[in-house]
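Got some structures for you, see below.
Common to both upcoming complexes is chain A, partnered first by chain B, then by chain C.
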Partner chain A sequence: MELQLTPVWFIALPLLVAFASPLWVRLQLLMPLLFAVPLLLLVLAISLVPVVRAAPLLETIVIAPPLGIHLHLDAAALVMLILFNLAGALMAAFLWLGDTEPYLRGRQPFILIMLLITGCTGMVLTGDLFNLYVFLEIAGVSAYALSALRRDRGALEAGLKYLIIGSVAAVFFLFAVVLIYLQTGQLNMAAVASDFAGIPAPMQALIGLLLLVGLGIKAELFPFNFWVPDIYRGSDPATAALFSGILVKAFIFVLFHLVFLLLADPDVARAWLMGLGALTMLVAELVALRQQDLRRMLAYSSLGQVGLIVLALGFASEATTAGALFHMVNHTLVKLLLFFVAALMLRRVLSLRLGDLHGIGHRMPVATGLFVLGSLAVLGLPPLSGFISKLWILKGFAAAQLFWPIALILLAALIEAAYYFRWIKVFYDTDPAKAHPGIMAGPVQGAPVYLPLLLIGGLLLLFGVAPFLLEVSFVEGAQSLLAREATLEQVLGARL
Partner chain B sequence: MSLIVKMLFLAVSLSPALTLLVWGDAVAWPLLGGIELTFDLNPVSGFFMLLLALGAPLVALPMLRGAHEGPAYGLYALLLLGMQLLLLAGDFIGFFVGWEIMTWSSYLLLLRSERSDLEGAQSYILFNLASAFLLLAGILGFYSLTGDFRIEALASAGPAEQLILAALFGGAFLIKVGTLPLHIWVPRAYDQAPDTFSAFLSALMSKMGIYGLVLLPTLFPQGLAGLLGSLLNGPAAGYILAWIGVITSIIATFKAISQEDMKRLLAYSSIAQVGYITTAIGVGSSLALGGALFQALVHTLVKLLLFITFAGIILQTGQRRFNDLGHLIDRMPIAFFAVLIGIIGLAGMPPLPGFAAKYLIFVALIDARWLLLLAAMLLSSTAAFIYCYKLIYAPFLGHANSPEAKAATEAPWPYLVPQVMLMGLLVLLGIFPGLAIELVIDPVLIGLGMAALGAPSPGELATAYGGYDGVVLMSVFGSAFMIVTGLFFLLRGRMRRAGSAYDLSFAGEVPTAETPLHYGAGMGRELRRIPLVDWILSRTTTRFQAGLTRQSLAASGLLGGLYRRDPQTWILLAVLLFAVALTLMLLAGGL
Partner chain C sequence: MLEFLDSPGVLQGIYITGSLTLFFIGLYGLLAKRHLLKVLISLAVMEMSVYLLFVGLATSPGETAPILADGLATFTGMADPVPQALTLTAIVIGMAVLALGVSLAVQYHRLTGNADIRAMSELKDS
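Let's look at the complex of A and B:
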């Protein structure tokens, strides 16, 4: 019983399974395990909901003070854990059930996907800065390798570029960690947080900026997100789904976790984060208007949603934070769905350019129908769940009498509609003259591969019609994310 | 299998009628964060539900013809669901949910037409979403004032706040009803939609905007009067709204006259007719609102009739332009009568109920002493005769101008049944205008807290300025029609002796059967000689919208230039921005 309740399992299990991969190859259990491990952890995470509701789970493994592994599972982290493992299971099911490209089925992708999920889980769970850096690198390195898996020119270029920019981001972050350690002598986040106010103001600004640039690059904030479309375009769509669905969410979470924890007064960062979020959203949506490649379009749309989430989290009221957590979940589901559809179309048409996809809706009706469903959800149209989360965020702003974010969010949604509906119109084009005759070169996909997609579609509809099922989780997540004092007391109290 | 699906679909199309008949208590659905959706039927929404209940099965019937199309049926069912949610909603969130389901499901239905192009589809969805987002902004503004989403009068709000809310809501609903200059999506959509679905768009979906406009005054404590003060013994905001409606109807009428395509003409005529309703809502008295509701009812019936009839003609001939048709009166007599009844209703001529509706609106304008508006409205409703004439003359009389028009036969029964039913309904309403007022309109007026119009007898329409008896009127017109038709048939033999239809000549040329000869051709071209009308017809907002598109694409390209492909630029930018921000912060910090 004692063993069951520790959050270590969320990191240890995938790591163990990943390192034992030669065994799984021999037993031919790779794909089943890739699916089963996140599913098991998902079940574990859901079963922990009542426990965490009572009190956050803390776990400290001391190596040599001040170095140690400190894990902190509160309501917000639990939401992210459930999300990551759900996304991992869906991703595995998609790879398992379809006739996936061989480079996504072997031992390497197995290890890398496991490590990516572990890294993201670790970043969310960890309570000290050094481990945060370690997990950040684990997630980063597996992401670089994942994007280069295809081993053709585009994929290798994307992998290399990702490695370069990712390392720069990590350096910025590491500098910040070093400076914090020099100033406070602490690496535990709660301890750092209680000492942070004592650091001289210029040093605080420097650390803040280093963190902002480092995590801004990773969390895809404008003006540090110029790398995103290139990487998403070069990677396999299914991999891009992981980046957009899990990786970015983990970094956004880390960014705000640090902001809310370190700063006693969130007003300092509020203007910066809300401004960056709004800029990210508007710029990305505008640039997406002209995109001719589905992966690039989805990448910019992903940036736009990240901007919205940052804008909402940056405001740091309970309603907008809860809405933003909900929106993260929705966006992960939607982007998984859209990138999976893109992967299916790529396998069938061998191209994702707008001009080559004319009339595809008549040949792949289910996939295109799911794309429409996902588009409606990402645009925030009822009765899908995207509407509810957007409404929650907008309601939070309206209740605070702050109207400029409402105007910007609605404007961005309108621009977003302009390009999503343009793609939908092209998909359902009835003009046979525009359809490329020889382009349908790939094989027809079997029915089972649609199962995870249909499940996502069902979840989007369910959360849209009955959002009250999840409401408590998000509200508690938002409260635990914003409750700085309580967290400090729990952690520091527990250490004493 | 396909028959079962079709029967099921027909059953779904009857769902609004079922809702209207058996709706019981209010239903509540908790959403989250204290938002609870409530659904209930009240007299105002009941009126619009009645329109939907009438129209939905009549449009569904022609849709059933031919191969079964599962997706189209599903989307139509969703559309009906959305509209019912919208009408039943007792709170703004439910209203918005219904509004949006209606928007996207109708867009996806529109895409199923082979004629829809990128421009038309994009303008449809973007205008409608702009309308929806204005609505949402208004709803959030409302929420920020009241802390509640229920649709009810604002308890306390400053004049500026009321005005902003009215502008947001009004903008949303005016886009939906296709008011100028926000109408550009209407003719494109009605033109490009599947032919029977155009009937739904024009007859029923535009009425949802009207529903919103009717609700609008009830949101403010003093109605429209509280917004901008009063002008000419009436609310200034209402005066502006009325002028918006009248200008819309004048311009749309002239645009309609100059159209060469049947469905585009009907689309502009629809904009003009809904413009009258907007005007009447602007006047805001119970007489005017009665007229507005009556006009909404008549317009729904008439546009269903006309669009379904023309869909039948397009189905049978494959032609959509007036110049390619002609002489269908012998081949499609039922369609001829349908259009005849339709245009009489459209033009608002006695004895059909269009007259009653216009009469109420005119009387309301006289009652409000807004005589300039009355004159403008008379101008537009007189000019409407010209396009009505074109609607009957061009397809049915004159010479057949295409091989298809020479060989056409009457439309199949799924088109004819709605036509006959609608004709019957229009004639009945013409005979019993008082009944319609008692049964349909007065409950709405009472529900809105206004004086009921009342009617002394089912056949009579009565106002303080006089009225008329529908039974008498219909008997007179009916007997006159009978006598003329009888005389025509009696003298038929002798009239034939006049010669062939080609027995006319001018400038020494005698046309043959091959010569395209169409009296309606080029009709409306002469209008351009009139200075003001020429100015109206040559203006279009297409260019403004094309410019807007171009500008956003240019901005997109400009910003897209930031997303360069080389990592060194990314790093350089990140480091530079870091340095600049640090410098600025340190300078601002005084260190």
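Let's look at the complex of A and C:
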């Protein structure tokens, strides 16, 4: 029997490997597998690029003829899959090669990281609203448990807060799904989309609002993102990298997938989403200015970038959408890099407060150098990839003769420069009097742990110098994300 | 005398009012209560109200369970099975999340002796 390379493997393989974990413990294969599975799926995803370019892959897992779960792998979803599995592999490599804390090496984190990646992949792939809810909860529950892994006061507090706010979001989302089912009798996204215009307008508004609150909390949009810095501060930095790099991206993708699919005319939501994106960006960047803890600063910076991505996606033109997809990839890589550096500094200094990090650049030159590289990529300086993605977004707005977002994005970049350089200045401070007495309490980190970080740095440079390598994928992703009619036709045609 | 309660309109009105009331009771508890367990209970109440609304509105009086047994041979006059299957799934998920939440709350209380959600300030920037 030949194994078919269908989209379901992206969900099934990590699930199977996660649930067989007692076996891997016995064989001492936990860390190698945590690295190998995302890598294998990454290779599979890249090998599917030419197939998906010809036509999106549809797969219906049939229970009985009218009932079934439907997976939809188009160009945009494929970009996300490649990104998630790349991030998963990098994260695993970082945990494997480094002097990682024991609570991040055992069976529990193995299962939780696998499930988090599965949940995010499932959310991106699924074509069924209730299935989306299930994957949302899989990703959610593993994220709550991951942030509480350290089991000390801060971690438990972060886990509890995350669980409460995440469950509220899930209830709102479930409420919206229930109302959609009661109104249309459908759960398949494409079928719902073709019936959505028939729902009475007040009910449409209520469903939209419930979806916006539910997914807005999960995708960390203003004003639903007050909880984010606490969670990132309380979780381990490596875990926070996973949240900022994979989880948020999956929720942003889901939010916009639903908006583009359900609404025949995206103008209705455009003003709302662009406004929320712009507000998220500005508020987060301003608050980031005065943070005293590196993790909180990075959390606010992450929110700022999320705002930028939402602003660009909300405009829903092909150029800004392609730019936003590129920026998602960049931001994932950058935040992985910055949070990994934060994790290394935490292991060495045992604190991430601004006052305790004076002069760390002289003791950990490679890590701090990579931090500077990551900061420059966030700011969007050439020749790093952040420059290209921001340029695409700005060009998209300029082509549409819309100038307020351009002004806001540039202003946000200025504020970003201010706070990133504030931290970098402290890192390279030469005044020995200011150095914290407890500095360098932790052990020196070995060289192999820098491999994934250097790889990320290399990718940032590569995509900055040679963006044409990826351009086709992002443009096709944007086209497939925006092509509502074609998607409906493919799915409904395939189902009939 | 109470037959009017069986008419679908009245029945659905009762379901909607009841479950929305529950939903807002849950929301109130979530925002106003300070004890961790009470917050978690409020969450469960909110979830429950959504399940009730779903099952209540998706079935109408007189429909039977969609099971072919006891002499029934065709699917006539049967309730739509999808909402019930979905609600069951959602109950299981909600249960799991609640269990995780309670276990974290218990651990947190053992560690700190604190169960007040507003006293959780470890993560704030001072």
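Following the convention adopted for this analysis, the second predicted complex is superposed on the first by the 489 of 496 C-alpha atoms of A that agree within 3 Å, B and C clash if a C-alpha of one lies under 4 Å from a C-alpha of the other, contacts with A are read in each partner's own complex, and residues count from 1 in each chain.
Keep this in mind: a contact is a pair of C-beta atoms (placed from the backbone, for glycine too) under 8 Å apart; a residue touches a chain by one contact, two chains touch by 3 or more.
These numbers come from a predicted model, not from an experiment.
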Contacts of A:399 with chain B and chain C, given as first, second, both or neither: first
Which of chain B and chain C A:168 touches, first, second, both or neither: both
Touched partner set for A:158, first chain B, second chain C, both or neither: second
Touching partner for A:28 - first (chain B), second (chain C), both, neither: neither
Comparison of chain B and chain C by chain A residues contacted: B
Touching partner for A:289 - first (chain B), second (chain C), both, neither: first
Chain B versus chain C as contact partner of A:145, first or second or both or neither: second
Chain B versus chain C as contact partner of A:230, first or second or both or neither: both
Overlap of the chain B and chain C footprints on chain A, listed as residue numbers: 161, 164, 168, 229-230
Residues on chain A engaged by chain B in the complex (per definition of touch): 161, 164-165, 168, 172, 201-202, 205-206, 209-210, 213, 217, 223-224, 226-227, 229-230, 283, 286-290, 319, 322, 365, 369, 372, 376, 381-383, 387-388, 391-392, 394-395, 397-399, 401, 403, 406-407, 410, 413-415, 417-418, 421-422, 424-426, 428, 430-431, 467-468, 471
Touching residues (chain side chain C, partner chain A) in the complex: 23, 30, 36, 39-40, 43, 46-47, 50, 53-54, 57-58, 80, 82-83, 86, 89-90, 93, 96-97, 100-101, 104-105, 107-108, 111-112, 117, 120, 122-126
Parts of chain A lying in touch with chain C, wherever the complex brings them together: 67, 130, 133-134, 137, 140-141, 144-145, 148, 151-154, 156-161, 163-164, 167-168, 170-171, 174-175, 178, 181-182, 185, 187, 229-230, 233-234, 291-293, 296
Interface residues, chain B side, partner chain A - complex: 30-33, 35, 71, 93, 96-97, 100-101, 103-104, 107-108, 111-114, 116, 118, 121-122, 125-126, 129-130, 133, 136-137, 140-141, 143-144, 147, 552-553, 555-557, 559-560, 562-565, 567, 569-571, 573-574, 577-578, 581-582, 585-586, 589, 591
